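There are structures below to look over.
What follows is a pair of complexes built around chain A, which joins chain B in one and chain C in the other.
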Partner chain A sequence: MNLETLAVYIASTLHFALPLMLAASGELVSEAAGVLNLSLEGMMLFAAFFSVWGTSVTGDPWIGLLWGIASGIVFAILQAVLSVRLRANQLVVGIGLNILALGATTFLNREIFGALSRQLVPGFGHLHIPGLSTLPLLGPSLFQQDLVVYVGLALIVAIWFVLRFTAYGVACRAVGDDPRSADWAGISVTRVRSIAILVTGAMAGVAGTLISVGDIRTFTEGMTNGAGYLAIAAIIFGGWRLWPTVGACLLFGGAMALQFQFSAATSPVPTAALLMLPYVLALLSVAGLVGRQVPPAALTIPFFGSR
Partner chain B sequence: MSGAASSAPASGLRIPAPGVVIPLAAIAASFVVGFALMALTGSNIGAAIGAFAQGAFGSAYAIGTSLNRAVALGLVGLGFILAERANLINVGGEGQIAMGGIFSTAVALYGGVKGLPYGLAVLLPLLAGTLAGAAWGALAGVMKIRFGTNEVISTLLLNFIAILLVYWSVQSVHLLRQPASFAGTLPQSLQVPPSTTLPLLTGNPADPLHIGAAVAVVLAIVTALVLRRSAFGLRLKAIGLSPTASHRAGIRTDALMVSVLALSGAFGGLAGAMMLLGDQGYLTAGFSSGYGFDGLVVGLLARGSAAGVAAVAIFFGFLRSGGISMQISAHVPAALVTIVQGMIVVAIAGSAILIERMGRRA
Partner chain C sequence: MTGQTATAVDPLQTTGRASRVRAPDVREPVLDLAGITKSFGALTALSEAALEVHAGEVLCLLGENGAGKSTLCNLIYGVFRPTGGEMRLGGAAYAPADPKAALEAGVGMVHQHFSVVPSMTVVDNLLLGRSRGILHRRLFAEEIRARAAEFGLEVDPWRVVKDMSVGERQRLEIVKCLMRRPRLLLLDEPTAVLPPEEIGSFLDVCRRIADGGGALILVTHKLAEVAKIADRTAILRAGRIVDTVPMASADMKAIVQAMIGRELGGATVAVGLDLAEHAEAAETDELPASAEASGKIPAATKSRPPDVLQIDALTYRDRNGAVRLDEITVEVRPGKILGIAGVEGNGQSELGLILAGLERPSAGRWFVGDREMTRASPAEITAAGVGIVPEDRHAVGAVVEMSVAENLCLQNLAQYTRFGLVRRGAMTAAAKDLIARYDVRGAGPETRFASLSGGNQQKVVLARELTLDPLVLLVAAQPTRGLDVGAVETVYGHIRSACGRGAGVLLISSELDELIAVSDRIAVIYRGRIVGEMPATQKNREAIGALMSGHAA
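Showing the complex of A and B:
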C-alpha cells in the first residue's frame, strides 16, 4: 500500500465512520441517562428516507438534512413516550420500532419513488479548507470533504461539551447511575431521559442523512443495514466514554472501507469476509476484548417514580 | 412528580381479562391503521382483500404454504419463549435459521446421506441444521456468562454474520455453490436430493404441507410441559426472576443460561433446516428472508405461552402469505404487513403497564 492509497483509505474510513460516530455519540447521551435505544437503527433508516424525500421535494440537501433531523426526532418521541412515559420494555420497544421503520420506509419509498427507482437527489457541496486542503497527499482526501462532514464533526464536539461541562450532562449521568437519588435531589428523571432520547433522535437524523443524501444520494430499502447496532456496539467497546466510542466507530469504519480497497476479481480475501469484518469486530468488542465494561447502573431499567 | 401524573390513566375503567382484551385491541387498532394506509394510497380495498384471502387460504396449496410458513415462525417463537422464561431475549432467530440452512444443505448434499435407510437421509440434515442453530445460540450464551455481553446485542450481530455466511457459502465454489461445470453457475447451491426432503403430510403434491407441521405441534406441547411441569422449567423461571438468588439456592445459573440459549438456537436451526428441506430445496443468499424477525415477533406476542406461539404463528403465517399475494395481484406493498407487525409489537409493549395495573386491580 503506497502513501496515496493510504490517504484514500483514511478518507474512506472517515466517510464510513462518520455516520456511526454521530449515531453513537447521540446514543451515548441516552445511555448515560439510562435509556438504551435499539431503535437507533430505525431512527437512522427513517432519517435516511425522509432526508432523500425532503431533498427531492425542495432540491436543497440542507433542507433535506432538516427533514432527516425532524424525522429522527419524531421517531425518538415515539421511543421516549413508550420507554420513559409508559415504562415499556426498552428492548422490545426498540425491536418493534425497527420493524415499523423498515416497513414504513419501504412502503413510503414504493409509494413515492417506486420500487425500482434510483432517482438521484442533489448532494452536499464540498468545502476546501484553505491551506490544509492543498497539503500533499493527505490534504485533498482529508480536507476537501463535504461541508456536512464538518457539521457532523462539530456536533460530536458539541455532545462532548454538553456531557462534560453542562448541568444537563451531570443530570444525565445522575439519572443513569442512580435515578432514585437524582429524583430526591429534585431532578426530573422523566424530563432528563426524554430530552436525551430526542438528542439521540436528532443525531441519528444527521447520521441517516449522511448515509443516504450524503453518500449515494438516493434511498434503498433497509439501507442502514445494521449501522445502528454497530453504533451501539461501539458504545460498549468505548466503555460508555465519548472519545473511545468515536475511536471504536473509526475502527468499524476502517473495516467497512477495506472492501473498497480490493477489486472483487483480484481480492486476496473473499468479499463476504470483508463485508462481515465490521460485524465480527463489533462482536469481538462487545465480548469484552478490552475487558469487562461497566454500563450506567440504571441502563434499560425504567424509573417508577419516587413513591 | 411525573410518576403520579401518569399513574392513573384508566381509573374507573373496568376491563375483564385485560391480558387478552388489550393485546387484541392493539392488534385491531394496528389493522385499522393498515387499512387506512391502504385506502390513502388509493388501492382498491376490495381487490386487495380478495388477493389477500386468495393467497392466504384460497386453495389447498395456499393453506399448505401458509401453514409451512407458520411452522418456521412457530419454531423460532418456541425458542424465544424458552429463553424468555430465563429473562434472556434471543433476537438471533434470523441468524440461527441461516446457520440451520447452511448446515442442513451441506449434509444433504455432501454428507453422503441420500441413500441411508430409516429416514436417516432426512433426519441427519435436520439434526445438522438444529445443531448449527444451537451452536449459534450457545455462542451468545457463552459470551453472556464469560464477558457479561448483553445477549440482545450479541444475537443481533450474530444475525448479520450468519446472513453473510450464507452469502459466502453460495458465492464460493469451494463451499456450497453449484459446481462451475454448469453453463453459467448461479450463486446458489445444488438442489438437495429428493430423498433428503421433508415428506409431505398428505402425500399429495398439490398440498405442500410437510411433516414439519406435526413435528412443530409435538414440540409445542413438549415446550408447554417443560415450562410448566419440569424442574428445568422451574429453574429457568428462577434465574429469570433473580440469577443471584438462584445461584445461592444452588442452581447452576451459568450452565443453565448457555443451555437455554443453545436450546433456543436449536429451534431456530431446526426452522431453517425445515425451510430448506421442506420448501426451498436449495440454499441461496437471503434465504432466511425475515423469518427470524417474524418469529421473534411471534415469540414476543405469545407472552410466554406455547399455545400463544401456535396461535400467533398461524396468524402470521396467513398474514405473510396474504401480504405477498396482495403485492403481486393487487399491487399493495407487502411492507404494509411489516408496518402492521411493527405497530402490534409497539402497541402491546406500550400497553404492558396498563395490563399490569388492571390485573392488579382486578
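Showing the complex of A and C:
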C-alpha cells in the first residue's frame, strides 16, 4: 500500500467512522444513565430522512441539519416517554421504534420524493484549514473534510467535558449505577434519564444527517443499515468509556473502509466477506472476547422510585 | 416548597451559645409529630404517632420488625406522605413532598442500605445533588476534609467507594449528611452492617453530633446501643408509639416488654442486650430448655454416629484467583450446633455458597453423612436433607415476587402436583399450617413474599427449610441479620428444636453473643482460614473475639 492509498484509506476510515462516533458518544450518555436505546438506529434513520427533506425544502443543508437534529429529538422523546416515564421494557421499546422508523421514513420518502427518486440535495461545504490542509498524507484526509465533520468532532469533545466535569455528568453516572442512592440524594432519576435520551437523540440526528446529506446527498430506504446497532456495539467494545468507544468506532470504520481498499486493488478475499468484518468484530466484542467490561449496574432497569 | 421555610439556622454552628445545655424539654422541639397516620391500602403501618425530638438529643426508636420504624423515618424524610396528622420542623409546618424537600429543610437520613454509589469517588458522591454546572472538585474535597475533621472523622475524598470497608462507607454516609449541616439526622439501623469493634466509634460520632446541637433519631434493634447512646427512647409496637422513656430512669426489661408486648426467655433478652452477665446467667440457670438443651442432649448411644457434615480441606479461589477459603476443615455432629464466628467478609459467604451448591470448591471435599457432596447440584443437596437458610434471603432464599404459599412449597413442589398440575388447595392448606406454626405475621398464603417485613420473610424461609423431611443438616448463614429481639428468639427457638430432633446445624454469624448463646462449639474464620475452635462458653468469649480480629490465641 503506497502513501497515496494510505491517505485515501485514512480519509475513508474517518468517513465511515464519524457517524458511528457521533451516535455512539450520544448513546453513551444514555447508557451511563442506565438507558439502552436500541432505537438509536431508528433515530438515525429518522434524521437521515428529515435532514434530506429539510435541505430539499429550504435549499440549505445547515437548516437540513437542524431538521435532522429536531427529528432525532422527537424520536428520542418517544423513547423517553415510553421507557422512562412509563417504564416499559427498554429493549421492546427500542425494537418497536426501529420498526416504526423504517416504516415511517419509507412511507414519507415515497409520498414526498417518489419511490425511485434519486433527487440530490445541496451538500455541506468543505473547510480548508490554511496550512494544515496542504500537509502531505494527513492533510487531505484530516483537514479537507466537510465543515459538519468538525462540528461533529466538537460535539464529541463537549460530551466528554459534560460527562467528566459537570454536575450533570456525575448525576448521569449515579443514576446509571445506583438510581436509588441518586434518588435519595435528591436527584430526579426520571429527569436525568430523559435529558440523557434527548442528548442521544440530538447526536443521532447529527449522525443521521451525515449519512444522508453529508454523504450521498439523498435518502434511500433503510439507509442507516445497522449503523445504530454498530454504535451500540462500539460502546460495549469501549467498555462504556468515551475515548475507547470512539476508538472502537474508528476500528469499525477501518473495517468498512477496507472493503473499498481491497476491491480497488486485487482483493485476496471476496469483498462481500469484508462487508461482514465490522459486524464480526462487533459480535466478538459483545461476546466479551475483547476483555469483559462492566456496564453501568442499572443499565436497562427501569426505576420505580423509592416509594 | 414548605421545606424552604426552614433552612436558615445551622444548629451545628450554634454550639457555643445554646445547645451545650441538655435541658431540651423547655425549648421548642426540632421536630414535632402529632397524630401521624400512614396507611398503605388496607394496611395501617402507623397510627396516631406523636413524637418530639429536641436539639442536642439522641432519640432511639425501638420496635419489632414491621412495627413501623422505617415507615416513620420515611415519612419524616419525605419518601412517603402521611395519610393524616401534622409534622412541624423548627416550629414551622413541615410536609416534604420528596427527599429533596426534606434535605432542603435540614433533615438528613442515613439509610439501612448504603446510599453511596460504589463506582464513584467520595467527592463525586458527596457532590451528587448538591452542585450545578461545572464541578469544583478540589474546593469541595477540602470542604469534605474540614467538615469531617470537625467530628473527628477522617475521609479521603479521592477514594472510590467500592474500595472502602463497610465501616468506612458508613462513616461516609454520616459525613454525606453532615455536609448539608442538618438540624435533624435520621439513622435507620446504621449499625446493622458494622463489625462489633466499629460500633463504639460510630456511636461516639453520634454523641458528638448531638453535643454539637444536632437532633438525632436512631433506629436500632440492639438494646446495648440504646443503653449506651439514647437520651430518650420511643418504643413502637404494631404501628403505635406505646411509650417514650427517658433513659435516666429506664429499665431494659421493661423496654423489651413494651416493645414486643410479652415477656421473653432470659437467654434471648441477654442476646439482645449484648450484656455478658445476662448471657452467663442464662447459661447457668433457669433455662435448661434453650441454650443448654440443644447441644447437651446426650448423643444417645456411645457408638459414635457419623458426622452429619464433614468438610475436608476445602479451598476456594474466586474468579480473580484470590483465595477466599483456605483448607477449611470442620465437622458437625448430629444434634449439635457448630457456630462459625468471624467478621463479615472473611469467607463466610463463600462457604455458604459452596454448601448450597451454588459454587464449586477449587480443592477439598465435603460430605453429608457418608455421601460426598463436593460437586452436587443444589437439588441433590436438598434431596440429601440439607436445609439452607441463605445469607441473602432476597436473592437466593426466596422468589420475592411470588406468594408466601408458593415460596413455602417451592422445594418439594412434586408433593403438591398431580398429573403435572399444581394442587393449589393442598399448597394453601400446607402454607396456612406453616404460617401458624412459624408465627409469620401479617401474611396469608396468597400474600406476596416481598411485602413481608424482614423478620417474617426469614420465618418463611426457615419454615420451608426446617420442614425438609428428613432434615439432616441445617446451614444457616446470618439468620438473624436485621431481625429484632422477638424474631431472633423465634428463629433460634426453631433452630434449637430442629437440633433436638437430631439434625446438625452449621450456624454462620457475625454476632458473637448470639453464637455463644446458642452454639455448642464455635470455630473462628479469619481471612478464609479456620483459626481456632473451642466450646461456646462465656469464658472463651474474649479468646474468640481475639481470633475474630486476627490475633492468634
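The working rule: the second predicted complex is superposed on the first by the 304 of 307 C-alpha atoms of A that agree within 3 Å, B and C clash if a C-alpha of one lies under 4 Å from a C-alpha of the other, contacts with A are read in each partner's own complex, and residues count from 1 in each chain.
Throughout what follows, a residue touches a chain if its C-beta (ideal position, glycine included) is under 8 Å from a C-beta of that chain, and two chains touch if they have at least 3 such contacts.
These numbers were taken from a predicted model, which means no experiment stands behind them.
Colleague: Have a look at where A:Leu242 lands relative to chain B and chain C in the superposition and call it first, second, both or neither.
Modeller: Once the two structures are laid over each other on A, A:Leu242 reaches no partner at all.
Colleague: Considering only touches as defined above, state whether A:Ala7 meets chain B (first), chain C (second), both or neither.
Modeller: neither
Colleague: Now for A:Ala233: first (chain B), second (chain C), both, or neither, which partner does it touch?
Modeller: A:Ala233 sits against chain B, while chain C stays out of touch.
Colleague: Chain B or chain C: which reaches more residues on chain A?
Modeller: B
Colleague: For A:Arg173, is the partner it touches chain B (first), chain C (second), both, or none of the two (neither)?
Modeller: A:Arg173 sits against chain C, while chain B stays out of touch.
Colleague: Thinking of the overlay built on chain A, is A:Phe165 touched by chain B (first), by chain C (second), by both, or by neither?
Modeller: In the superposition, A:Phe165 contacts chain C only.
Colleague: Taking the superposition as given, does A:Ala255 touch the first partner, chain B, the second, chain C, both, or neither?
Modeller: neither
Colleague: After the superposition on A, what does A:Ala297 contact: first (chain B), second (chain C), both or neither?
Modeller: After superposing on A, A:Ala297 lies in contact with chain C but is clear of chain B.
Colleague: Applying the touch criterion given at the start, work out whether A:Ile211 contacts chain B, chain C, both or neither, answering first, second, both or neither.
Modeller: A:Ile211 contacts neither chain B nor chain C.
Colleague: Just checking: does A:Asp183 make contact with chain B only, chain C only, both, or neither of them? Give me first, second, both or neither.
Modeller: Both partners.
Colleague: Of all the chain A residues, which ones make contact with chain B and with chain C?
Modeller: In chain A, residues 183, 306-307 are touched by chain B and also by chain C.
Colleague: Tell me, which parts of chain C touch chain A in their complex?
Modeller: 74, 79-80, 98-100, 103, 109, 111, 113-120, 124-125, 127-135
Colleague: Report the residues of chain A in contact with chain B in the complex, numbered from low to high.
Modeller: Against chain B, the touching part of chain A is residues 38, 78, 81-82, 85-89, 91-93, 95-104, 106-107, 110-111, 115, 183, 188-191, 225-226, 229, 232-233, 236, 270-273, 275-276, 279-280, 282-283, 286-288, 292, 303-307.
Colleague: How about chain A: which of its residues touch chain C in the complex?
Modeller: 165-167, 170-171, 173-174, 177-178, 180-187, 297, 306-307
Colleague: So in the complex, the part of chain B that touches chain A is made up of which residues?
Modeller: 1-4, 6-7, 37, 41, 89, 91, 143, 146-150, 152-154, 156-158, 160-161, 164-165, 167-168, 171-172, 293, 296-297, 300, 333, 335-346, 349-353
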